[in-house]
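Before anything else, here is the set of structures, which you'll find just below.
Presented sequentially are two complexes of chain A, the first with chain B as partner and the second with chain C.
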Partner chain A sequence: MKSVELIDVTKTYGNGSVIIKNLNLSIQSGEFFVLVGPSGCGKSTILRMIAGLEGMTSGTLLIGGKPANLLPPSKRSLSMVFQNYALYPHLTARENIIFGLKAHRIGKDIVEKRLREAAEMLNLAPCLDRKPRQLSGGQRQRIALARSIVSEAPICLMDEPLSNLDAKLRARMRSEIRRIQRKIGTTMIYVTHDQIEAMTMGDRMAVLHDGTVQQIGRPIDVYNHPDHTFVASFIGSPQMNLMPAVYDDVQKILRIGASWTITRELPIAGGEVILGIRPENIHPATHPASAQNKAIHFSANIIDTEILGNETQLTFLLDHQTWTAKWEGQWTIPDQSAQEMVILPENLLVFDRKDGHILYDPKRSQKVEEVTV
Partner chain B sequence: MKRIKLISLYTVLTILSLILFFPMLYALSASFMSAQEVLLGHFFPHQLHPENYLEAFRDVPLLRFLFNSIIISLIVTFGVLIVSGMAAYAFVFLHFRGRRLLFILFISTMMIPWETSMIPNFVTVQHLGWINRYAGLTVPFFASAFGTFLLRQYFKTIPEEMWEAAQISGIGHFRFFVKVVLPVSRTSLVTLGIYTFLTTWNTYLWPLLTTTDERVRPLQIGLRQLQSQETVNDWGVVMAAALIVVVPTLIVLFIGQKHLQQGLTDGALK
Partner chain C sequence: MVMEQTEIKEGADFPATNAREQPINRLFGTQPAAWLYLLPSLILFAVFVFYPLFRTLQLSFFLSDSKGLPTVFVGFNNYARLLSSPEFLASAGSTLLFVLYTVPTTIILALILALLANEKLKGIGFFRTIFSSSMGISVAASSVVWLFIFNPSAGILNRLLSLLGVTGINWLADPNWALFSVSLTTIWLHLGFTFLILLGGLQNIDEHLYENAQIEGCGYWYRLRRITLPMLSPTLFFVITVSMIDAFQTFGQIDLLTKGGPGNATNLIVYSIYQKAFINFDFGMASAEVIVLFLCILLITALQFKFGERKVHYQ
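Let's turn to the complex of A and B:
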């Protein structure tokens, strides 16, 4: 297995538009690395540059520690699974899987063995003799995966491989891809716009926005400790509540909107900030959190409730701003009724309003201490 | 109601097809008449003269012409498929500077009437010493802007990812062209093949200009020779020869039609 490193990579197109700005990524050998971001953030371009399907304007690509900028795609020891699978419609599933191996002059016995193993791993045996158009979306997806597996390339690139599948199949394929990756130990670079895939599949992920990396880290760390308002709003569903606020560092008061104030000392300079809180951290007044004396109590008018089975999503207005809360259990609350709620100050994140960077993350400092102890 | 509609539809279609098919029917009928009978304006032969067909083969070397026509048409068809296929591939899968401009330039040659390039082509062929040779009858037709255009349009529907997947597996341009692009584009190749075969089969002027030797001349010229060799034309014989000329094109159409339909449904289900 091989590592992949991108050093100061920039990509500009002929018309001067910058797609990727000074990208630095270091993907370890055997790691499942997810590139996630909204469409147009450059994540596919990064993947295609690693594959060698697109050139870089500047920067260095190291594959297995060796410069690979000028290598043709076939010499980069990688395989790739495309969003539309890119199967050859005139070949059977079997021929599709081994098509690439023929070019490498690999012995017939080895080809057969690899084919058998891959087919077994993905339960493909019954459809090997059918053509792609006779197969379902999920089966085509597996053929594309099998094609990548039989190549035994140390690096596997996947470009939104699950986006053409229905929700149920997608969930199954998520764990299947993860399982296979663990079993084979390939270095996986996986591009997706789906935050659930990013959260559940990756060892680490990089959140991209407008061609720059916003944050790299373990999915759970990115979720708990977003570095930036973009990451905070992109990861998590429903998204984090982000409210403009002003911090007065003389009176130690945080003013949210016109009327709501929270008296609290923050280790930051006064000024315009953005306050962030995850919907699941806004609790009903009956929650045990409200017993803590540092808890912040407030009341708000509910404008909508959605019961999603085991949890209820509430939308409410606070100072003309729409907030969302996620409560456990099933709550039937009439619209326009006032509801007592509670939040804990340790769940409040403070971002800079100008550049969106994190200013204060109470839990993060604790965590750093834990690590140092 | 539906029945009436169907009946009227078929009536109109039958009448139209009879009108369109009339010359063929008359030719068939006349091919069994004697020369006098044709001139009398009879519609059906009073007495069958199947010997007209033998006559046609005796008057001119019809078999030789038939052979030439088949050879020439096949060479041109495969030449066009190979050259147009490779050109179209280059226009779709090779990314080079000025590709669009070159393509526009390439297809703009479709606007130049063939007659205007005939003389320069003739001079070229003459200088190459290709007069009275198959090469002179076939090579000038290999570069077909229409064929390139047709195939390019189809190749463009092949997802770019297929080529990218091939690149990653280490499959080169030629292998990708032969093993993927050509089989996937079978429908378009058959269409272009039939079109080219029929057009070449029916060319008259160019073979007339570049050949004087009966050993390389195609059928269409042979047909013309039948008419002028005698003072009074034996139309029965001419018609018999004309029908013989038509038969191979019908065979090509029938075979092609089957392939075409197969190809079309292939594409629909993809």
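Let's turn to the complex of A and C:
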């Protein structure tokens, strides 16, 4: 297995538009690395540059520690799964899987063995002799996976491979891809716009926005400690509540909107900030958290409730701002009724309103000082 | 959707007509409005294709006067005369030869040009325009240009040959070269159209298929053989069928370049039909020849569909 490293990579198109700005990524050997971001953030371009399907404007690509900028795609020891699977419609599933092996004139016994193993791993045996158009979306997806597996390339690139599947199948394929990656240990670089895939599949992920990396880290760390309001709003569903506030560092008061104030000392300079709190950290008044004396109590008018099985999503208005809360259990609350709620100050994140960077994250002990400068 | 709505509205507005619609329904199916939409093309086909075809068939069983009106019914006599005439057999032979010279050459050349022009290079649009430009030139204009090119004393072909020290060829007047020369003109004429259709077919092939092959390390020829040609096969099949039919029906360049001569070396079937009908005024025999040609093309096209289409991969 091989590592992949991108150093100071920039990509601009002929008309001068910058797609990727000074990208630095270091993907370890055998790692499942997810590139996540909204459409148009350049994540597919990064993948295509690693594959060699697109050139870089500047920067260095190292594959297995060796410079690979000038290598043709076939010499980069990687395989790729495309969003539309790129199956050959005139070939059977079997021929599709061994297409590349045949081009390399690999021995028949080895081809058969690899095909059998891949087909077994993905339960493909019954549909090997059918053409792609006779197969379901999920089966086509597996053929594309099998094609990448039989190549035994140490690096596998995937470009939104699950986006054409229905929700149920997508959930199953998520764990299946993860299972296969663990089993054969390839270095995986996985592009997606779906934050659930990023959260559940990756060892680490990079959140991209407008061609720059916003944050790199383990999914849980990115979720718990977003560096930026963009990451905070992009990762997590429903998204984090973010609202403008002003911190008065003389009176030690945080003013949210016109009427709501929280008296609390924060280790930051006064000024305009953005306050963030995850929906699941807003609790009902009956929650044990409300017994703590530092708990912040407030009341709000519910405008909508959605019961999603074992949890309930509430939307409420606070100072003309729409907030979302996620409560465990099934709550039937009439619309427009006032509801007592409680939050704990350690769950409040404070971001700079100008550039969106994190100013204060109570649960993250280190790094906070350097950010507050 | 629209048609259904119309039907319901009519039914609702005029309930009395429902009973009268029954036999009409039996004749035109449950959606008579569909026939209305087909009517314009049906009328055009009837006037310009079906009626002339029927009249030709009728004429082929008659002797005719000089205005082409049927006079004496002779049954299959015209066909018997035609099939036993050495002139017709020679004509059929040279037509087959002509098809063999032109169709494969045109398609192979056009395919090579289309593969070149399909590369993503700067300024490729210029070459695409040049390669397809012969499509925009009429048979008459290009035949005149080729007359100059073929001219034995002043033509550029013989000038080039004399530069190489080769004695000039009498391109259009030498029975050994005339069919070749007409074929050359025809290949040039059809190249643009065939190129354009094939280029369109190439551009329809999903780019990802090539990218995947690139990553898997397949060479150019492997990609051409395993991806491009199979994916292009519906287009190729169309082009082969249309070019064959076109070649069998060649007329304009013959009339302008050789008038069927020298001897009968370039007297292709359609030209011989023209000569029979409008120079010898033997409309009955000409009609019989038309029907024979029609049946031949029908047969070849049917065979193509039966055996060629197996190798075609529709998506």
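To be clear about the criterion, the second predicted complex is superposed on the first by the 365 of 373 C-alpha atoms of A that agree within 3 Å, B and C clash if a C-alpha of one lies under 4 Å from a C-alpha of the other, contacts with A are read in each partner's own complex, and residues count from 1 in each chain.
By definition in this document, a contact is a pair of C-beta atoms (placed from the backbone, for glycine too) under 8 Å apart; a residue touches a chain by one contact, two chains touch by 3 or more.
Here the structure is a predicted model, which means the values were calculated and not measured.
Trainee: Give one word, clash or fit, describing how chain B and chain C relate on chain A after superposing.
Mentor: clash
Trainee: Going by the contact rule set out at the top, does A:S237 touch chain B (first), chain C (second), both, or neither?
Mentor: In the superposition, A:S237 contacts neither chain B nor chain C.
Trainee: Looking at the overlay, does A:S175 come into contact with chain B only (first), chain C only (second), both, or neither?
Mentor: neither
Trainee: Should A:L53 be classified as contacting the first partner (chain B), the second (chain C), both, or neither?
Mentor: So A:L53 meets both chain B and chain C here.
Trainee: Have a look at where A:R133 lands relative to chain B and chain C in the superposition and call it first, second, both or neither.
Mentor: both
Trainee: With the touch criterion stated at the top, can you tell me which chain A residues are shared between the chain B interface and the chain C interface?
Mentor: 51-53, 72-75, 78-80, 82, 84, 86, 88-90, 99-100, 103-104, 133, 147, 151
Trainee: Under the touch definition given earlier, write down the residues of chain B that touch chain A in their complex.
Mentor: Residues of chain B touching chain A: 159, 161-162, 164-172, 175, 179-180, 183-184, 186, 269-270.
Trainee: Spell out the part of chain A that touches chain C in their complex, as residue ranges.
Mentor: 51-53, 72-76, 78-80, 82, 84, 86, 88-91, 99-100, 103-104, 133, 147, 151
Trainee: Which residues, counting only chain C, touch chain A once they are in their complex?
Mentor: By the definition above, chain C touches chain A via 206, 208-209, 211-219, 222, 226-227, 230-231, 233, 313, 315.
Trainee: Show which residues of chain A lie in contact with chain B when the two form their complex.
Mentor: Touch list, chain A to chain B: 51-53, 72-75, 78-80, 82-84, 86, 88-90, 99-101, 103-104, 133, 147, 151.
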